[in-house]
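So that you can tell them apart, the chains are marked A, B, C and D in the order they are listed, and the count of residues begins at 1 in each.
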Amino acid sequence: MTDTHRPWRLRALFAVVVTVLLSTVAPGAATAQEDEERIVRVGLHAFEGNFNPFTPPAALPYTHDLYNLVYDTLFWSQARVDPEPWLATGAEPSDDKSSWTVSLRDDVTWHDGEPFTAEDVAFTFQYFKDIGGPGRYGHHVFGFPVLAGTEVIDDTTVRLDFEEPVPAFELIPGGDLPILPEHIWSDVADPSADTTTLPVGTGPFEMVELEPDRSNRLVANPDYFKGAPLVDELRLSLVQDPSAAFGGLQSGELDFVTRTLPPQLAQQFQSNDEFGLIEGTQFQSLSLMFNTKRPLLDDAVVRKALSMGIDSDAVVAAVFQGAARPGNDTWTHPDSPWAHPTGGHEFDPEGAKVMLDQAGYAPGPDGVRVGPDGTPLRFTVLADSFSPPQVRSAQVAAEQLADIGVNVTVEPIDPAALSARRRPPAPGQAPDYDMYTTFLESHAHADPDHLFFFFHSPGPRTIGAIFTGFSNPDFDAAVERALGQDLDERQESLSQAQEIFAEAAPAVVLAYPEGRWAYRTEAYDQWVADPGHGVFTKRSFLEEYAGTDQEAAAEEGAADAGVEGATGEGGGDDSSGAVVGLLLLGAVLGAAVVFVLVRRRGSANTIEE
Amino acid sequence: MVVVAGAVLLNFALPRLAPGGPVDYLVPPQAGSVSAEERAELLDRYGLDESVPRQLVTYLGGLTRGDLGVSVRDGRPVRSVIAERLGWSLLLVGGAVVLSALVGTALGFFAAWRRGSGVDLASLVSVLFIDALPAFFVGLLLLLVFSVRLDLFPLYGAVPASEVGGARFLVEVARRLALPLATLTLTGLASVFVVARSALLSELDEDYVFMARAKGLDEKGVRRHAQQNALLPVSTATFLGFSTLVGAATVVETVFSYPGLGTLAFQSVLSRDYPMLQAVFLVLALIAIAANFLNDLVYPRLDPRLRAQ
Amino acid sequence: MTTPAVLLPEPVEPAAGSRVSRPARILGMVGLALLALVVGGALGASVIAEHPPERSVGSPFLSPSGEHWLGTDDIGRDLFAQLLHGARVSVSVGLGAAVLALLVGTVVALLAGYRGGWWDVVLMRLVDLALTLPLLVLVLVLTAFLGRSLPVITLLIAGVLWARPARLLRSQVLKVRELGHVAAAEAMGASSTRVALTHVLPRLVPLMSSQLVRAATVAVVVQAGIAFLGLGDPDRVSWGTMLFFANSSNAVLTEAWKWWVLPPGFALGALVLGLALVSYCVEEWAEPRLARNAGRRGRRRPRPTTEAEPQTEGTTLEVRHLSVRFEGGGRPVEAVRDVDLVVRRGRTMGLAGESGSGKSTLSLALVGLVPDPGRVVEGEVMFGGRDLRRIGRTSVARVRGREVALVPQSAMNALNPARTIHRQVAEAAELTCPAAEARARTGELLERVGIPAGRHHDYPHQFSGGMRQRVLIAMALVNDPRLVIADEPVTGLDVVNQVTIMELLGGLVRELDLDLLIISHELPLLARWVDDLAIMYAGEVIERGPVDQLIGDPRHPYTKLLLSSFPDLYGPRSRLGAVPGEPPDLSRLPAGCSFAPRCPCVGPECTASRPVLVELGAGRAAACFCAGDERVADLFVDPVAVAEGNPP
Amino acid sequence: MNEAPLLELTGVRVAFDQKGAPGGTLALDGVDLTVHRREIVALVGPSGAGKTTLARTILGMVRPEAGEVTFDGQPLTGLSQRRLRHLRRRMHLVFQDPYSSLHPGRRVEWLVAEPLAIAGTPRHERSAAVTEALAEVGLTPVETFRRRHPHQLSGGQRQRVALARAIVARPDLVVADEPASMLDASLRAVILELVKRLRDRHGATVVFITHDLALARHVADRIVVVVGGRIVEDGPADEVVFRPRHEATVELLDASRRARTALG
């Protein structure tokens, strides 16, 4: 943020005072853009500190998009029935779809100059299966589906065999698994331990500097098979504090922040010519999950009533200030190709009360309903304490549920403790929680198998509703059927499953947050919204895609400006900031200056008198 | 020595009190599920499947070799992570200790010398006021004023994202250090100030100060007599303040996204990164012990009565 | 207990009820007001705030309005209500944790400090251990692990806070153990529980209360800190969580910081500042010497306007009508009243008087060192032909040490413990000569006073009291002054040392041809060493004259009675004589003769008007209406009568 | 004096540092001392001679390394803390410093009654004894003084309170450690008179510590000269002053003589 109307003396005084305090060199104005290269400085809101796909990630799915700046996948994973070929030029399934023959591009080289071949693909799939482990990707080849074997047919063709039909191969795992160079990884004994080596991939950017937990530097890969990226260099810094991140963007220290722009800041960035805003969906959902093995919550009537008692619109308004869409009872993201055609959320507190009354949950003396066995409907919602939207939406939902006679307490808890709490002590047993809120991202909604993965009865291969314990035979049948169908044939089975879901309500989607990002136009303005990924993906930097969304996004942003102006006059009133600064530092520094002056005068005094 | 041993044991025990182990962190809520075998494998990888006494033996064994284990969170050797963070922390906390000691002592002496005067009261109240504001709040305000509004300092981090070398690099590091350092200095200022002030006050009442005046020394000479002895408690306050500031640094580092031990500790707590947490605690305890030790070293230099007879 | 600074004149103690200085009182009041504000807000939260703190009552991010005084937060909750209700959390955690921590700390301190032995060893190791871990980080870890409800957080904070008070209190216990009344109780056979509870514990109260406040401060800040980091208590709105949500909602980047960030931040500040100010006040109350005014004398004194009469021939020092007044908090104290005193060339002068008689203050006034809040209000100090009161502070400083040297009382404390004695003496010598010469002279003189060369570079603590007194004598003489004022030079030494020091001083004075003014309460000692003697009582010189005559034939009843109260080594074993009554309270002196309330031969004129010093010939003078009277010569008061409380 | 002595010390050795290693400087080195009932014995010596250590040893507050302290036929060494405390209630120590030896937070009546409280005398019986003792030391009107706090008293008055406490305790033995040395000379006679009265009226045995031979001779029946942790001379007061046998005594007497002029 520049300030033009401040008296220069005051500002100079601050500079002087601070310089005195720190005895550092004069701070000067913002760092000048030093060269003509196009450099984009990005503030990451979370980062694991390495680009090793075998270490456990905590910042899903966004880590995935970061990896994909350096690595490539066979297909570009998208919430589409026909994913875009990427390293692959195409894939042909066997009749039962358990075996896929993938043809590859022949114009790809690794960052170190080695040519990319079918060997690398075969190696990668096998390697991920062999290593297994905690990484985000391994389960695609040993969980579901299970890789049976690979065969390299020629330099650009490889066949991948699975133990069961994989109709969705192109998306999962084809669109997900990063392809690794065999010549590098085949020598690595313990892949997850090697975290400091710079990754070698085929992607549009090559990593040249890796400082874990702090910053990374990626430079453009000039030989990228889709053409050199439009940006010469990406400087990624980890800025976890949101204020620091957006402040950095505002002050010109950053050009882009991966954190979505909170609505209350939108107006500020919108009104400033230096910034552009772009929207895009990450297929994110904020859900309230029920422990269906818990007494009372094991009753679908109770769960449905709770669902009906929650006003998703109110959550959207209160927690997201409109920058989200209300949840669907059918769970799947409305933009997903597999979403139930009608969807929608049924908010009907009166109906919920009637339902509960009829099911024998009569209001107790304190207004809280009591179950047939005398247990009151009192629940605790666990929420990730570091995620204000999760805490806030839980609080809003709790307020609403009080109106239908259900007492809900919100318990913010740190993520690891949350994970521990929702884990069943042993398979099949009920975990120790009532409900929890969680963000689920693109995978959960863009993946055609998502309902199977999340809500199928807990199965032998650790698939299904491990945490919620949800089990419904009809639902299971529907999602199992879908799993074996081609992508474009699944709609009916999936819709059926979604209808069952809506009735049984093992979870309630509180909102589908929209993504909106701010960037400095001067640094780079060709961002594209990539559904399911947001905008910080490689496609934003490739000529083929870049800039296509720009105008539309800008227009939409402008339209929003009027609505979002809830945060006062906007801009920044510098004088009040300075007042606080003076209050704070003035006291000390002033005293210090006086000290020096008086001291000098004092010593003079004693002699002269 | 006993204290070090106790600290080591405590370090080992503390993280294990927590509900939820590293595996729970490794598999975040968003991710799918993990099979029993995968859990077992994970536990095995980090040696967490062994009995607690065996883990302790392994830990102690590693310690003797200077091996602090591997971070569960990102798989890097704990030692290198600590080494990297320690430097920034020492720069920040050490700088704050030195600065707050210097400024606090100077101000405290200044106020004591003018006991009861308006200047004394004003400095006392303003220092107490600043001390009363929590460190993170001061940090937020400094951030707000100097970075966001005035745009004088960068907002976060310890080193610039862009590549600069030589003197420019140092300048950049200094600029990024400035605000967290100022915050932490302000945080540590009051305790030193108050001690310095009251120490000098009580020294001024001592007979030798009177004697210094009686034998004809000018005010400067008299003041030097008193200040020399008043430094004693100031030194203790400064060194004790070290561990307080390390704690405060956790919050300040978070506000400024400064890559020090404090944020590392915080992240490690959240990720149940036992090896890292143990190491961070060990280092923090060692710093505190070292500070005490330094104090014990400095003390006899300041007070001949404590020198070995 | 620290040794009281004996050099300072005694009657300066502030009047009862004002143990705390005025600025501290004001600060304390401000602190209390701040606390009252916060506590009031906490208590009245439900009444004052019209909205519940934990329900959305409006649109998110509203600016302040009549409806929402501080606007609303990110989900439309009323910030003003949150601010008020947040006070409850801070206050209860602060208070709860502090009380708990102090309780534990006190028990540990008493066990470790009073029981001692293994208790001490084990507990103090524990304390050390607890102190090595950074507090905030520890609480952070434990909160993440053990839960974050208010009681748990309170317990946790107390659990890491107890160590510091425990350590401080233990050392206080060790100090208190040495106090007379503790030893007295032990000597009377009191059980250790009784001693610990009735004698030790009450003496810990001031430290405990300041530690309580300190602990509360830390607890409040720590609680806010962990809440700010997102580990706050879920059930309760607190200032820390307000700031957490404000920060994660980027309030500092919008205008909302003014009503979302500042109020909770400053509320925390107000609470902590309130606590700090009260603590400051409490600490001063517990350690009243903090309340005393500084040694630096900033004010200019009024200078006499009229020209002084020239100094009388043959005198080294001539004091005329000197009055010193202390104006502390209470009523003014006239420590020295209208004193005339002459030190004649070549004759040693003695000034005798009991504590509170003003003799030390007088000596300080001579060299311009009356401590605050004392002031010389009248009189002249003629020395070397000029009035020391006229020549200004800096010039007096030049005279000090160079022309008039002071050998102060309490040799134990008059040397800087951190500097070698040689350096301290040389420092004085350097005032008049170059460094090298100063060092040489110092060495010479130290040897002359009987300190072997090998020990010149030792520190004061390595010397006995007698030796230190020798150092002070060397220090006084190093600049070859014309007058040495020795204030109680041998008090506190045993009789053998007394003789040696007095003989050394006397010898040096003769050798260097100086004049000497000795001040002491030991009348027999003075009588042995001086030529002229003046007796002071209640700030006045009540009798003076050549020593033999004054001792042999005292004219003032006080002198006579005082003389009778010193036992004689070889004389008859008769009863010692007593002086009836109590020493005078200088702030409440009677209208007439200040000795009248104790005087056996008091008459009506004595209570009506003040007797002045009347010349009796042969250099003698006494301030008494019955100075020449027979009655004085035969005065004797039997202590038996006085002991019963029935003075004659 | 055919009664058994009240107090007997034989071969008492006390190391300087109570916690420290044996073989350090000795504060008391082979002290033999017998004090008979109703006797006033003055312990005289220069500072650091071990007088105060001797007093504390007599009270059982310092445990000797070697030797035996017997009080009224009962050896103190080897007694349990509890038994020792009980025995100590029959002795009383009057301190040198009247400013610190009184609990500053308590009123005079509490302070004087403390020995009774320690002995377990019922509360209502204490008041009369306090009144009587305060009257005896001349703190009249008693009702005014008993409500006062120590800081409202002058040094002389405080020492009177300490002596009232000694009267209330009805001890067999009073150890007075320079009770008048911190007071003004004008108050000295009264305090000494009160100390004497403990023997004369209350039948206590008094051990009086002082560094002033003149004063010792004035107060005591017997003078015991302590120098360097040893008793160098022990005899009737006038005997010691007029016919000193040990050279240390002679030196002390000489210094006393040279330091002062005989008055009056």
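Throughout what follows, a contact is a pair of C-beta atoms (placed from the backbone, for glycine too) under 8 Å apart; a residue touches a chain by one contact, two chains touch by 3 or more.
It should be emphasised that the depicted structure is a prediction, and the values quoted were computed from it without experimental measurement.
Here the chain-to-chain distance from chain B to chain D, counted in touching steps, is 2.
A straight line joining the Cα centres of chain A and chain D is 84 Å long.
For this pair, chain C with chain D, the centres built from the Cα atoms lie 30 Å apart. Separating the centre of chain A from that of chain C, both taken as means of CA atoms, is a distance of 65 Å.
Shared contact sites, meaning residues of chain A that touch two or more other chains, fall at 241, 243, 247, 250, 386, 414, 417, 580, 606-607.
In chain B, the positions touching at least two other chains are 18-19, 129, 133, 140-141, 143-144, 148, 218-219, 254-255, 269-270.
Chain contacts: chain C has residues 144, 247, 252-253, 394 touching two or more partner chains. Every pair of chains in contact is given here: A-B, A-C, B-C, C-D.
Chain B contributes residues 2-3, 6-7, 10, 14-15, 17-19, 112-117, 120-121, 124-125, 128-129, 131-137, 140-141, 143-144, 148, 198, 201-202, 204-219, 221-222, 225, 228-229, 240, 243-244, 246-248, 250-251, 254-255, 262, 265-266, 269-270, 277, 280-281, 284-285, 288-289, 292, 302-305 to its touches with chain C in the complex. Of all residues in chain B, those touching chain A in their complex are 18-22, 24-36, 38, 41-42, 45, 70, 73-76, 81, 103, 106-107, 110, 119, 122-123, 126-127, 129-130, 133, 138, 140-163, 170-172, 174-175, 177-178, 181-182, 186, 189, 218-220, 254-257, 259, 264, 267, 269-272. Of all residues in chain A, only 1-3, 11, 14-15, 18, 21-22, 24-25, 27, 29-31, 34, 39, 41, 43, 48-50, 52, 55-58, 60-61, 132-134, 136, 139, 143, 192-196, 212-215, 217, 235-241, 243-245, 247-248, 250-253, 384, 386, 414-423, 427, 436, 438-441, 444, 453-454, 461-463, 466-467, 572, 574, 577-578, 580-581, 584-585, 587-588, 591-592, 594-595, 598-599, 602-603, 606-607 touch chain B in the complex they form. Across the complex, chain A meets chain C through its residues 241-243, 246-247, 250, 262, 264-265, 268, 317-319, 321, 385-386, 388, 391-392, 395-396, 399, 409-414, 417, 566-570, 573, 576, 580, 606-609. Chain C makes touch with chain A in their complex at residues 54-56, 59-63, 74-76, 144, 148, 230-232, 234-235, 244-245, 247-256, 258, 262, 392-394.
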